[in-house]
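A, B, C and D are the chain letters, set down in written order, and residue numbers restart from 1 in every chain.
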Amino acid sequence: MDDAGGEPEGAAGVGRIEAFSDGVIAIIVTIMVLELHPPVEKGIAQLVTLWPVFLAYVLSYAYVAIYWVNHHRLFSHAAQVSNGLLWSNMLLLFALSLVPFSTSYLGEQHFSREAVWVYLATMLLPALAYTWLQSVIKATGKQSRVAQEYYAASARKGMAANLIYTAGFPLSLASPWLGISCAVIVAVLWFFPRSRIDQLFARLG
Amino acid sequence: MDDAGGEPEGAAGVGRIEAFSDGVIAIIVTIMVLELHPPVEKGIAQLVTLWPVFLAYVLSYAYVAIYWVNHHRLFSHAAQVSNGLLWSNMLLLFALSLVPFSTSYLGEQHFSREAVWVYLATMLLPALAYTWLQSVIKATGKQSRVAQEYYAASARKGMAANLIYTAGFPLSLASPWLGISCAVIVAVLWFFPRSRIDQLFARLG
Amino acid sequence: MDDAGGEPEGAAGVGRIEAFSDGVIAIIVTIMVLELHPPVEKGIAQLVTLWPVFLAYVLSYAYVAIYWVNHHRLFSHAAQVSNGLLWSNMLLLFALSLVPFSTSYLGEQHFSREAVWVYLATMLLPALAYTWLQSVIKATGKQSRVAQEYYAASARKGMAANLIYTAGFPLSLASPWLGISCAVIVAVLWFFPRSRIDQLFARLG
Amino acid sequence: MDDAGGEPEGAAGVGRIEAFSDGVIAIIVTIMVLELHPPVEKGIAQLVTLWPVFLAYVLSYAYVAIYWVNHHRLFSHAAQVSNGLLWSNMLLLFALSLVPFSTSYLGEQHFSREAVWVYLATMLLPALAYTWLQSVIKATGKQSRVAQEYYAASARKGMAANLIYTAGFPLSLASPWLGISCAVIVAVLWFFPRSRIDQLFARLG
């Protein structure tokens, strides 16, 4: 890291970081299925009891997949490797690596209040790391008009996600499902391009 | 995802999706072996009792490997990244990620009827996602004559696979092995190029 | 696979097969460490009891690493994708994917005779698949003089490996450690370039 | 490996080794999270008891991430594939693959003296392999002035890391936390570019 400031790397270095991130995300998304232990006893009834674990898996798979898609889009604007890029990205990957843990906990605890808190924490931490990564790429990445519009829209959505996740913590006191709804709302917000919610935030931001 | 419609990405974007898919498929195909727990007791007899788990592993390995080969071929015709491509592919990967679960269940339940149903479901779900992916690439991919012939042949085979898997569910009522045979038939159908079965479907389709 | 005969793919297709193989081999070599369960009780004495599991891990790591190096070298001579290349390579990866299982068995059974047989079987199966892959690349790959010399030397070594592994089965009847020695001899044979053993085989072959 | 001396491979070969290393490191860094087993019982108190396992995970994630960053930097100076490059790199990956084991042991044994020794051993072994890899790349890699300054600074830091890890063993006799501090100091030393510690070593070296 000695010379990271003095000798920034270009597209090749960015490409290797992307490839490494893809590897880590691919593993995260796939090892979660190892928590889906098939029942030892026979019968459909035994299978049906797995629904909370399965639901948690579906939610987390969608969540990590959406991250991959957005990470992919964000990195297409990166122009050089800096310490900020390296470490904000590593923090994001670390935060995402906690998702299999919180997913497993959510499923096994049948969406209990504590499990929802842990789950929301592992949604909020990657969102904060992503906010940092966005600001690094905004500062050091491509500066075309399209890129700048992308940075603005992306920062608005990121801020909204951070707020909604944070709101999930007190809302879980009323009902754990309200907390989970916050995670679902953010997923929907990031999934659908140019949604009404997005336009609402554009007017507010 | 904001600008996915207005600013479609070309070959570079397709390449990154392929690489990510390869990573996920490589992990799926490899972690299945973690379900092959060696027996704690000594002796060949103990090893032999593992045969259903081993057979299920062989079947699923072949199944996922055939998917990789066909995914590879299909993606060679893709020309641009769209939301349809991204999400049909993500759904396919999700569906394939359930295979280690159903494989483990199939092996541990010694090919019971319920386990065969779950297994067939994790064959049918990827097949449906693949059908969606095929239609996306047919609509947005390369339009050369070779590509179009490939789309037609591939769609025929995909439709046949969907039908055979579906037929497996009632057939399992007669015998679970009939249900498993359906999975084997589809594998053979996709494995052998220009087989008689393929030609039969070409005449019917 | 419909058009694999009529429309062989070039370097790009070979590259994707290599990348997929690297992914699978990287996962195989790494998940073996998951079998190294740390002891629950305190104390160095408890750790020391892990030696057979650790020794089996070291042996298998070296074994898979040597495969990766040789696979890398062999593929540098491949020129086109054929069904033979795809499926001999998939069989090789399948065979290698059994190594974590046999390694775990070898370690847990403290190098018992049965475990050595299973281990040798998971050495012999990849060696046979590699022999098939070698013959495919010899027939369809580059035909320069350097390549042809490589094919000849590589085939000789492969044949020697197959013979030594096979000899390990009866030798294990005398002592399991004799069987394991066969695996070690092959590793040494492939590890050291232009060794005396290699020259001996060159004269015999 | 027959012709590794006579026919060294260039940038393409180096690229494949980098990609393979990235794959292995991505898996190592991610499978460690599988040791973070969520508690079966309900309640925040149960979660809090996981702190040593979590702390060990954070430490090891940072450790492996720092290795990836430095491996990336070091390999950008590599110019050709040699047996030395291949095997020093394989030894490094092997040594890093033991980190999930020692991390799990450290967490489960609540940072006991024996666990700290094992952990320091899995810090020292990769550091020694990295020293070998550095000397191989120094001898066979790029020879520009920037590269040579990098080799010198990197070798100084590597030597310092080896010494500090070694010092950790006797220091653990006084307190296991002193031993862990050695691991943390090395991480800080490699993390911050051009730190005062680095300048101190530059004057001493």
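By our rule, contacts are C-beta pairs under 8 Å (C-beta built on N, C-alpha and C of every residue); 3 or more make two chains touch, one makes a residue touch a chain.
Not measured: the values here are computed from a predicted model.
**Q** Using mean Cα positions as chain centres, tell me which chain lies farthest from chain A.
**A** Relative to chain A, the chain with the farthest C-alpha centre is C.
**Q** Interface check for copies chain C and chain D. Shared numbers divided by all numbers used: above half gives same, below half gives different; which is it?
**A** different
**Q** What rotation angle takes the CA atoms of chain A onto those of chain B? Round to the nearest 5 degrees.
**A** That pair's rotation angle lands at 90 degrees.
**Q** I'd like the Å distance between the centres of chain A and chain D, where a centre is the mean of that chain's Cα atoms.
**A** Chain A and chain D have C-alpha centres separated by 27 Å.
**Q** Whole-Å distance, chain A centre to chain C centre, using C-alpha means?
**A** Their C-alpha centroids are separated by 38 Å.
**Q** So which bits of chain A are touching at least two other chains?
**A** If we look for residues of chain A contacting two or more partner chains, we find 19, 23, 27, 31, 34.
**Q** What's the complete list of touching chain pairs for this entry?
**A** Pairs satisfying the touch definition: A-B, A-D, B-C, C-D.
**Q** Show which residues of chain A lie in contact with chain B when the two form their complex.
**A** Where chain A meets chain B, its residues are 18-19, 22-23, 25-27, 29-31, 33-34, 36, 38-40, 42-44, 47, 58, 61, 65, 68-70, 72-73, 76, 146, 150, 153-154, 190-194, 198.
**Q** Which of the residues in chain D come into contact with chain C in the complex?
**A** Contacts found on chain D: 1-5, 7, 9, 13, 16, 19-20, 23-24, 27-28, 31, 34, 83, 86, 90, 93-94, 97-98, 100-102, 104-105, 108-109, 112, 114, 118.
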